[in-house]
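Labels A, B, C and D are assigned to the chains in the order they are written; within every chain, residues are numbered from 1.
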Amino acid sequence: MKFEIPIGPQHPALKEPISLRMTVEGEVIRDADIRLGYNHRGLEKLAEEKTWIQNIYLTERICGICSHSHTSCYVQGVEKLMELAPPRRGLYIRYLISELERVHSHLLWLGVAGHEAGFDSFFMYTWRDREVVMDLLEMISGNRVHYAMNAIGGVRRDLDDAQRQKILDGVAVLRKRTEYYFHIGANEPSFVGRLAGVGRLTKERAVALCAVGPTARASGVARDVRKDDPYAVYDEIDFELCTADTCDVLGRTVVRIKELMESYKIIEFIVRNLPAGEIAVRAPRKAKPNEAVSRYEAPRGENIHYIKSNGSDKPERLKVRAPTLANYPATVEMLRNGFIADIPLIFAAIDPCICCAERSVELIDARSGEERTVRMSDLRRLAAARRRASGLKGKAEWPF
Amino acid sequence: MSDEQIIERLKQDLGAKALELTHPDKRRIFLKVVPADLVSVATLLRDAYDMAHLSTVSGVDKGATFEVVYHFASPVMNLNLRVEVPREAPRLPSICAVIPGAILYERELQDMFGLTVENIPDSRPLVLPDGWPAGQHPLRKDWKHERPPEVIPGGKS
Amino acid sequence: MLKKLARWSRLKSPWILHLNSGACNACDIEIVAALTPRFDVERFGILLKATPRHADVIVCSGPVTRQIKDRVIRIYEQVPDPKFVIAVGACAMSGCVYRGAYNIMGGIDQVIPVDVYVPGCPARPDAIIDGVVKLLGKL
Amino acid sequence: MAVLRTFLYLLVYPGLLFLFVYGTFCEWFDRKIYARLQNRMGPTHTGRFGLLQPVADFFKLLAKEDIVPERADKTLFSLLPVFGIAIVGAAGLLLPVWNFDLAVPGPTSFPGDIIVLLYLLSLPTLVFFLAGWASTNFFSIIGGTRVLTMLFGYEVPLFLAVLSPAVLAGSWRLAEIAAFYQARPLLVLPNLVGFVVALIAVQAKLERTPFDIPHAETEIVGGTFTEYSGKKLALFRLMIDIEMVVSAGLLATVFLGGFPGGALLGFASFVVKTLFIIFLLSLIRAMTSRIRVDQVVLFAWKYLAPLAVAQLLAVILIKGLRS
């Protein structure tokens, strides 16, 4: 006997509105069906009515955590359209901010994973240390989250020596703390017990479903845009690609902590040999008809923008595909045969940034059955079935 | 495998099918194909050129035709496969058989542009809200929308 | 005397429910950051509650998209009676950058009555705490 | 006069009023320790050091609108909190701290009261399940079933661990057990293993963090209490506080040698020992993450039960050697 439990638009585990309908048998999930659309703001249609400069602030507000990655990806594409060459110092500062943002995003994710697993002290500790990075970002750009550092042709603020020294001290403190978290993440029995073996995604399925970012790298797929298609500064910096092959949430935790250590190395490299010179170059108002594809390694995975211009000062088409959207088919794959208790963990494992993915939405081959779009507005009232399922025994008939 | 070698191999493998092959920038190739052999080229790319990763599918409304760009990515190259579809008969074969991860981008095409993708495994509405009128496709150039009337709370309209 | 006691207790333990109606989750992260050691709202007795049944104050962020409009109304009805709404961030106040998009209804006040607006994109945690304190002062 | 005395006895001193005050104090103590362990401040602005925070929560909930879901079973739904408070209040009376001297025992100390106390302490689990079931909301049904699945895990080890010191003391009467260990403090040491097992089992009974699966916030929203609001929720929270006090009192009596000394000194040692146990419970709560329901049962039967049986064997051996 199967019944569906709705994890609806408003749920403590999900910081954002997404609705999952799980077909559940006892505590085992048989099938997942993700319905988004709650967060769709029609961004691409809006982008066609704004000028190039206004679009920077629009793309920045796609997502609160990876705001700098969307603007960098957008600005890279526009600079390619307009054949602009931003000065080296501007590029270095831009990618310093992007690495700091990766640190802040990964620390945030570690806290959320701890909270999903019920380990609130870990959540409190990681978020307390995240404040160190937030202070650095605020010192550089003036705002904690939306930095508005990017301009077409470079960066808007410069770094002086006092700030560079503060960054180095901050990174030193963070490196010590991250080693402490690596120690906890790797061998705190109840935490590891909770993460190991949850949300399995084999390597073939990860490749077939085009998973990106730490989710793919934790299944052994070595795919990182900074290595495959190094943009601007990354071909000069040496850093390793962190992968794990345990294919589960524990692997994703390990990959993210290793990436934190790599980011510290990159930040120190950038701050130490920051070239002198200008930080930005003037950009023309109009762009001649052209098209550009720009790719960027956001904290959650590969971020791709396809920009097409038609000679006017407004883009003809701006296509944004955020990393979370690519990870959704993989999420449904992981949810199958998991436990109800694992839903928030598996879902947090891909570090969903639903507002990113929300410019568009996803549904994978959920069992069709009669298409009764469960009006989940009142998810707490929905008592799917009076009698509880008969547990795991009995022949589980496969939905397909 | 440098860019030039890949272009040579592509020319030999595709021959007449490649209507247009441009190489505007390092690690970027634009290839234009007729919709009919979209699936065969996709399988070829996936098997021979290790381009199993489909980054995304972008639709562009060019007035008379819809242009659909498939962005393939491999560890060394980013290839963008371009397909033109006339506005009157917006039909497109689905490549979910070749790359299962493509289902979500094709469904977005259906919602946003009204392109019908044949034998797509699951074609329910995707991004648009439940109560969205059927014939409306927001990203078409000729689609205009009126802003919902704003009511300022507290009577000061 | 009972009224004074009820008023004192409402002032001293406002339980919040976080509602995201299409936000870019910058404000959500700042709301959750307000719980962490540096800002720690539990000093004022504020707890982040999971169900609308237990909450007094709904902290909402994000412009209301058309799809989630009736969910927001439904959840507003579920919260037991002396309830308040705080709109956090420019999106919740007016739809911010997304004003005028075809899928956006504008701010939260188009859907449910709002008591306190906290400006900022994203609103800083200390601004959010100041918003809650001002709301309590209004009580 | 005797009626007034027992009436006063029931309602004021060891009864509901005292348990209410001491329960809220323990909740404040627990929240403060838990916050300090995560180096944040915890409630500070209500009352002296935030002491009145639980009281404020209680009265605020009393003043809130009380919603009963229309498809729920009305009578059961509203009766359960009162029923819960009654159970836990009765359990509170049995603690030996009120009848100070063995010579003239009060009405609530009789041979076999440890069995009654354990029985009364396991009834709240049934109340939680019924609460989850009566509120017909999907998440609370799952919460209710999880409460029961966990019950099978920690119940047996708890009984074994708590009864082994009673076996050593050779009596089923809390006051006598306490007196036995007060006379021979050295005999407390062999019971330490039982103490650890009982601590973990009580942590599971009170559904605190490593085992707070039934009302896991992130998974099933509110768990058994998803539907409750207003007065009923206030009573349920009070019930959990009092249950914590009574369990801590039980552990203190059996494992830490009761509460020696007359009225005043006995009460002081009662406070100190229960706070020490609550401190340990908060420590466990701060250090571990939540584990799954099946892992709880697995953990209970793989580690807790064998340890409790070993403890019982050790106690029987010592009893044999001593006699």
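Here, a contact is a pair of C-beta atoms (placed from the backbone, for glycine too) under 8 Å apart; a residue touches a chain by one contact, two chains touch by 3 or more.
The structure presented is a predicted model; accordingly, all values stated were derived computationally and were not measured.
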item	value
Farthest chain (mean CA position) relative to chain D	B
Between chain D and chain C, distance of the C-alpha-averaged centres to the nearest whole Å	35
Distance between the centres, which are taken as Cα means, of chain D and chain A, whole angstrom	43
Separation of mean Cα positions, chain C and chain A [Å, integer]	25
Centroid distance [mean C-alpha coordinates] between chain D and chain B, Å	61
Per-residue overlap in chain B, given as positions that touch at least 2 other chains	128-130, 138, 145
Chain A residues counted as touching two or more neighbouring chains	12, 37, 40, 42, 45, 124, 128, 358, 380
Touching two or more other chains - residue numbers and ranges from chain D	38-40, 217-218, 221, 226-227
Chain-chain contacts as defined at top	A-B, A-C, A-D, B-C, C-D
Touch list for chain B against partner chain C, complex	128-132, 138, 145, 147-148, 150-151, 153
Sites on chain A touched by chain B in the complex	36-37, 40, 42, 44-45, 80, 207-212, 222-223, 227-229, 292-293, 295, 302, 304, 306, 308, 316-317, 319, 321, 325-326, 328-329, 358-366, 368, 371, 373
Contact footprint of chain C on chain D as seen in their complex	31, 35, 38-46, 50, 52-53, 55-60, 62-67, 217-218, 221-222, 225-230, 233
Chain A - residues contacting chain C, complex	8-10, 12, 15-17, 37-43, 45-46, 57-58, 61-65, 67, 108, 111, 123-124, 127-128, 130-131, 144-146, 353-355, 358, 376-378, 380
Chain B contact footprint on chain C (complex, rising order)	65-67, 100, 102-106, 109-110, 113-114
